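Please go over the structures that come below.
There are two complexes below, and they share chain A, which is joined by chain B in the first and by chain C in the second.
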Partner chain A sequence: MKLELRGITKRFGSLTANSNVNLVVNPGEIHCLLGENGAGKSTLMNILYGLLIPDEGQILIDDEVVTIADPKDAVNHGIGMVHQHFMLIPVFSVADNVILGSEPVRPWPVIDYKAATTRLLELAKEYNFEIDDPNATVENLPIGAQQRVEILKALSHDASVLILDEPTAVLTPQETDAFMVILRSLKASGKSIIFITHKLREVLALADVITVMRLGEIVGVTSPAETDERGLATLMVGRSINFVVEKNPATPGDVVLEVQALYVEDARGLTSVKDVSFDVRAGEILAVAGVQGNGQTELVEALTGMRHPSSGNIVLNGANLAGQSVRHFLNAGVGHVPEDRQRYGLIPSLSISDNLVLDQLDDSRFRRRFGRNLKAIKANGAALRESFDIRAQSEEAPVGALSGGNQQKVVMARELSRELKILICSQPTRGLDVGSIEFMHRQIVDIRDSGVAVIIVSSELDEVVALGDRVAVLYDGEIQAIVPPSTSREEFGLLMAGAGADKATL
Partner chain B sequence: MTTATREIVTLDNLRIISRTRSLAYGITLMAMGALEILWYGSTDSKLHTTIQFGYNTATVWPVVSSFLRVILLLAGIAIIAVAVRPRSVARIGHIFETVRGSRTIAILIGAYLFIWPVFLWWGINLHGQLRTMTVDVALTGYLFGIMSIGAGALMAWRRFDRSASGMLYGGLLIFLLGFLIWVARGSLPLQLTSILASAVAVSTFLMFGSLSGTLCERAGVVNIAIEGQFMAGALASIVFASAFRGSGISMTFALLLAGLFGALFGWILAVMALRYQANQIIVGVVIVAFCTAMSQFLTTQVLNVHQNLDGSYGLPVWAIPGLSHIPLIGPVLFDQNVLVFIAFAAVIIANFALFRTRWGLRVRSVGEKPIAAETVGINVVHIRYGAVILGGFIAGVGGAGFTLGPGSPFTYGMTAGYGYIALAIMIFGRWRPYGALMASLLFGFTIALSANLNLYLNQLVIPQQFITALPYLITIAVVSGLVGRIRPPAADGVPFQRH
Partner chain C sequence: MTTTEFQNPQLGAILRFAMRVRQANMFLVLVLALFMGLSFGGIMIIVTQPLLLTSWSHFFSHPGGTIASSFNTVWFAYEQLFQGAVINFHALRVLIDDPSKANLGIVLGPLSATLTYATPLIVAGLGLAIGFRSSLFNIGGQGQVILGGVLALLVGFSIHLTPILQVPLEMLAAIAGGAALAGFAGVLKAYTGAHEVIVTMMSNYTMIAILGYLLIQPLFARPGVLDGASKAVGVSGQLPYLFSHINSSLLLNVGFVIALVAVIAVQWFFNRSKTGFELLMVGQNPDAARVAGIFSKRSIIICLALAGGLLGLAGMLELTGVDHFVTPNFGGSYGFDAITVALLGRNKPWGVFFAAIFFGAMFSGGEAMQAFTPTNIQFSLADVIQAVVVFCVATPALLVEIFHLRGGARLVSNNNTGGWI
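Moving on to the complex of A and B:
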């Protein structure tokens, strides 16, 4: 089955998630869709699977235009999808999950489990899957086995195109190897596969065709023969925004933060930060570069107390903070501009003034008897709104109503209004317009010059190079090297693709 | 020893959790046993209680000859032995391992066959029939106490995974039985059969209510409006039946009308919760408030004026031929009004429908993870509509259990919060129809108990109000998660919105 997407555009409010995307998938092809988080891969695939309706564009199957309004249409057209977060019902058995939606009944309406099990085992045999017990409860299976159930589910609906959304993100290396064998056998049986990922190595090992997306657009179509990891990394990270930051050379002072042999586990219990050690001095910016999903989130969460490291030390001005509460980190002078400002940085329904004092409510300035000193909070809001140029009708407006840039200014203003020893900014300019980006960069450089240590985590290489005084490159949870920002783009590409410091010429 | 994190469900964790639970239940059982010995066992040894089985002498099976009794006794032992160790008799044991629940039923039947001849030897009267049995109160207390402590110790020591809750419920029933024997000491005979029969009768509406809750919550909608659906069903059915002076066919339609009124309020809940995505709890409470107000208005303004519309018409009582003649169980389970049988049938059908049919699988999928159901082409909202309306219908029929069941007129406030208790019963029964049935019977028993305690007021050292409050106390214990591993459907009460 030949599948074609023609001129797909999808907007969410002011954000264009997909802009005029064209994609052709031929029968029996493994087509890799590569791009960073937020590049629009998942949006595109959700459109193909009928979970989202495109604003413009057409979907063609075997050169005929089809309408896919809901997942049922997609299934009927032979499109199957394995979601990143499995669409399995944890408390159901394997068999129940596979037959759900197309249950064999005999006599009506009683489910014919014998027929269901037979079909399941036949299918598993045909594609060399291991299904030990069709009656096992899905939540008790290892992740790799759950994924096989999900694929079986799609195959049992006679899918001829399989969309796999970041299938290896949840797998251990061993499971990934087993998974690749499955993919090859699916390809051999004539199924087309759309494989979404941001892991370069897998792409080069598996793909027939590689399409690279960035910021909702397709920025390149290539094949493993024509490119290598460096080329793909450069395409993915791109260079569309030209970051220019005026700054004087840093004058580093004493070591403020010392991280020693830090190990952090993610929510699934996998070690995502491995043996990370570095130090940051007063008055310098350490930038952390790397393709997203290589441990940045967990590293920042550990450095701000939101996630307890499994081992290692976080020494701030001589005191080890590892394992302490967020409150301890705040009191010790850690400022945090979080990656997801809507979720962790702000309370959207509260006013700007209230958001500006969220972490300072026990400060005597903002307290009055048993409650808050509303007058002082409002005055503080007005003053900060003025000095940070937060564009809003008043400081009493709810933060949720502001634009992304102004929301980020609120977060930044709050963090900077405390006495800081170190400021940790994660993706400080994601989703912001050029003016706000410039403003943020100016603030970050100013706070550095005032003698505060700064850590910037960004997946935008240009931003990292423009801001950082030193750049640490993370790959697979490990620091590959800490290099000066003047390092060449090619070397950064290599480091970000996991070629350790020994291979890169420094 | 590894520790268990309750949030992460793995086989190992489940085993650890259920083993811990078994230990906790074992200790509870031992505590109950100790209490039985200290409390019931300390009764004056001269005091006896006469248990009256009180079934109809004319209809009882003549299971009286010694020969037959020995056969029953041996059959009971044989059945229990096979059920406990299914592998010992491969051919029959196979059934127990494949058909779920058959083992429990076999053990119950075996126990019954075993106990009955023993009782006959013990308490036979001059006519050769077991009508009353006199027991020594203190001795019974000691016996029950030792049994409980023994079972509890065994449970704490061996850590049974699966039979833990069954053992606990059994211990609880024995405790209550001991209480009954104690409270009736040295005075009026204990009307055991009639207490149990009224327990089954009052649990009818609880069965319907908890079944309704189970169905709705399995589909992911919290039906807190059961109380209101009870009222609507109770009022509508009695008015309709009264209008036709309780003629046979009108009773059938009265039941149907009760269901339709329940379904109407189910439908309102569904529209508000599913189409307009309103908060389900608030909508439910508003429906109850509306029904309360309406029922008050109709009682004072209509029924009090036209009293012929609020008569006393009871559903016919059926004695199932054969089954109703089984001693003790017969009159309790098989000599009841029609609604009781409908409730039993509804539970069985609902259990089959939920766990064996296509519709049931879809209902459960929608209540667990609606997005997953949608990706395989299931219309989440339609399935939820169906379940909520059907749930409303069931609760409405249950409402008839207040009026047509016992044959009493509608009075304002007669539902007395049982609609909310039904939700607790649903939790107690772990969102399963059979669980709801068992929990309903247990609650019904406590209700019947408090109603029958009037006879023994002077024997009671604790205030009667405490016994009356017992169902509500159990409700609090259940809802606060004291009983068992409570795991609701994952999407229970979570609105579903496409994109």
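Moving on to the complex of A and C:
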């Protein structure tokens, strides 16, 4: 089955998630869709699967225009989707999950479990899947096996095109290898596969065709024969808005933060930060670059006390904070602008004033003998609203009603209003408009110039280069090198693809 | 919105006024809910009165008479409901003609009964509201009320001090008991992940069983009585009546003052105190609370212990204010009624206060309605009205749809319970 997307455009308010996207998937082809989070991959696939309706454009199957209004249409047209977060019922058996929604009945309403099991085993045999026990409960299976169940479920609906949304994000390396074998055998049996990922190595190992997306547009169509990791990394993070940040050369002072041989495990127990060591001085910005998912999140969580490192030291002004509580980090002068500001930075139902003191409830300015000093909190809200130009009806308005840029200003204003030794900003300008981006960058440079150490984590290479005084490149949880921002784009591409054998440290 | 709007003081004032009108929508919902409750109750009265049904079967020959008699019956029932709950107009007229203490007592009687019944509910409702605002669902109100009552009883009959000392001692015992029981559920949730709904719900059955056991033990059982009633709290341990100098039938006691203080204290707790604010944070967004350095395990335990303490206090108020002894049914449905009270009061302290008084009014008014209507309209009709009102307040979306309210959508997601109710 040949699948074609023609001129797909999808807008959410002022944001264009997909802009005139064209994509052709031929039968028996593994088509990799590569791009960072927010590049529009998931939007495109949700359109294909009928979860979203495009504003413009057509979907063609075997050169005929079809309408896909909901997932049922998609399934009827032979399109199957395996979501990143499995849509399985954990307490059901493998067979039950596969037949869910299309149960064989004999006579109605009795479900023919025998037929279901037989069908499952036939399917598994046809595609060389290992199914040890069709009656095993899904929640007891390892993640890799659960994923096979999810794929079987899609195949049982006679899917000829399979959409796999970041399938390897949840797998261990061994499971990933097994998964690749499955994909190859599916391809051999004539299925087309659309494989969404941001892991370059897998793309090169598997893909027949690679489509790279960035900011809702297709920025390149290539194949493993024509490119390498470096080329793909450059395409993924390459071109974007031109950041211009006016700043004087840094005047680094004493070392504020020293990270020594840090190892951090992620929620699944996999080591995602490996042997990371660096230091940051007062009055300089260390930018951490890298393709997303290479340990940035865990590194920031460790540096802010949210996640305890499995080993290594985090020394702030001579005191080792590793293993201490978040409160210790805050009291030691660590400012944190989290990656996901809505979830980790704000309480949407509370007012701007309250959100501006979330981590400063113990500050004597905002305390009275008993309880909180509401007058001072309100005054503080009004003052920061003024100086950070937070656009809202009043400082008593709930923060959830603000735009993304104004919400980020609230978070930034709060962190900067504390006495800081180091400020850690993760993706400080993600999703912001150009005006807010400039404002954030100005604030970051100003706080640097006032003698605070700053760490910026960003997957925008342009932002990293514009802001950083030194740039550390993370790949697979390791720092490949710490280089000056003047390093060439090709060199960055190489480092971000993991080619940091000769670790040049500046 | 553009910046100019905020810089213009006049427009700012208009926006502020618009905000105020928006808040009035909640008032509108309450009025409409009451209207719905009374309408539904009216229909119930008409279809359950044989005489009225007979007259409806002759509707087409005497339409006017049918409607008039139906209306009169419903009106009279609601008149009794109101007079039993708030004020009796006839007694008021008598009082004006003959201002005596006895007559004043009769006038104040219904209000006193309403507030007396409402007193433990206010405190219990506050306890549950604390949990809901922090997204913790404490189902164990009944058990905590029982434990509070039992401990207060123990203090009440075993020592005899002056009321000034003994009543606070009883309060302390009751609060400690309720707080320990609910706090234990909090510890289990914080450190083992056991869900507070299951733990607190099971604690209800445990406490009911323990109560039944205690009441046949010589320590608690009243000598020579076989109905399971306990010894009574000594006079010094009983809550003094507030208006007994006017008329001994006025049962409103110091408990109501304690409940008022509790309302103000909880209001202060959420608005002003650091701990209260932390509970709000953890309830609304635990992730952001963690980033801000708040230890959510501690918050969970504190929150449930506070909630339990208030429920224990409610048990003490019920015991020492009204009956002065415990029966196997002690606590009744307070634990569950309080959930409804918190819901009706939208988890705001003063909301809970008035919701509990509404419940008290329906209770004492319902009794009057049953006693004074010619066909003895059942007391449970008051429950029906109450249920419809709560239903409407809990689902503002329904009222928004029925009455085509404008901009009512934001009312729907505004009850601070973290999605539980």
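List of remarks:
The rule is short, and it goes like this: the second predicted complex is superposed on the first by the 500 of 506 C-alpha atoms of A that agree within 3 Å, B and C clash if a C-alpha of one lies under 4 Å from a C-alpha of the other, contacts with A are read in each partner's own complex, and residues count from 1 in each chain.
The rule we apply is simple: a contact is a pair of C-beta atoms (placed from the backbone, for glycine too) under 8 Å apart; a residue touches a chain by one contact, two chains touch by 3 or more.
None of these values were measured; they are calculated from a predicted model.
Of the two partner chains placed by the overlay, only chain B lies in contact with A:Met81; chain C stays clear of it. In the superposition on chain A, no contact is made by A:His308 with either chain B or chain C. When the shared chain is aligned, chain B comes close enough to touch A:Val105, but chain C does not. Once chain A of one complex is fitted onto chain A of the other, the partner contacts of A:Leu346 are limited to chain C, with no touch recorded for chain B. No residue of chain A contacts both chain B in one complex and chain C in the other.
Across the interface of their complex, chain A is touched by residues 1, 3, 6, 12, 15, 19, 268, 271-274, 277-278, 280-281, 284-285, 287-295, 416 of chain C. On the side of chain B, the complex with chain A involves touching residues 9-11, 356-359, 361-362, 364-365, 368-369, 371-378, 490, 499. By the touch rule above, chain A contacts chain C in their complex via residues 304-306, 325-327, 329-331, 336, 338, 343-350, 354, 358-359, 361-362, 367, 370-372, 374, 391-393. Put simply, chain A touches chain B in their complex at residues 49, 51-53, 70-72, 75, 81, 83, 87-92, 96, 99-103, 105, 108-111, 139-140, 153, 157.
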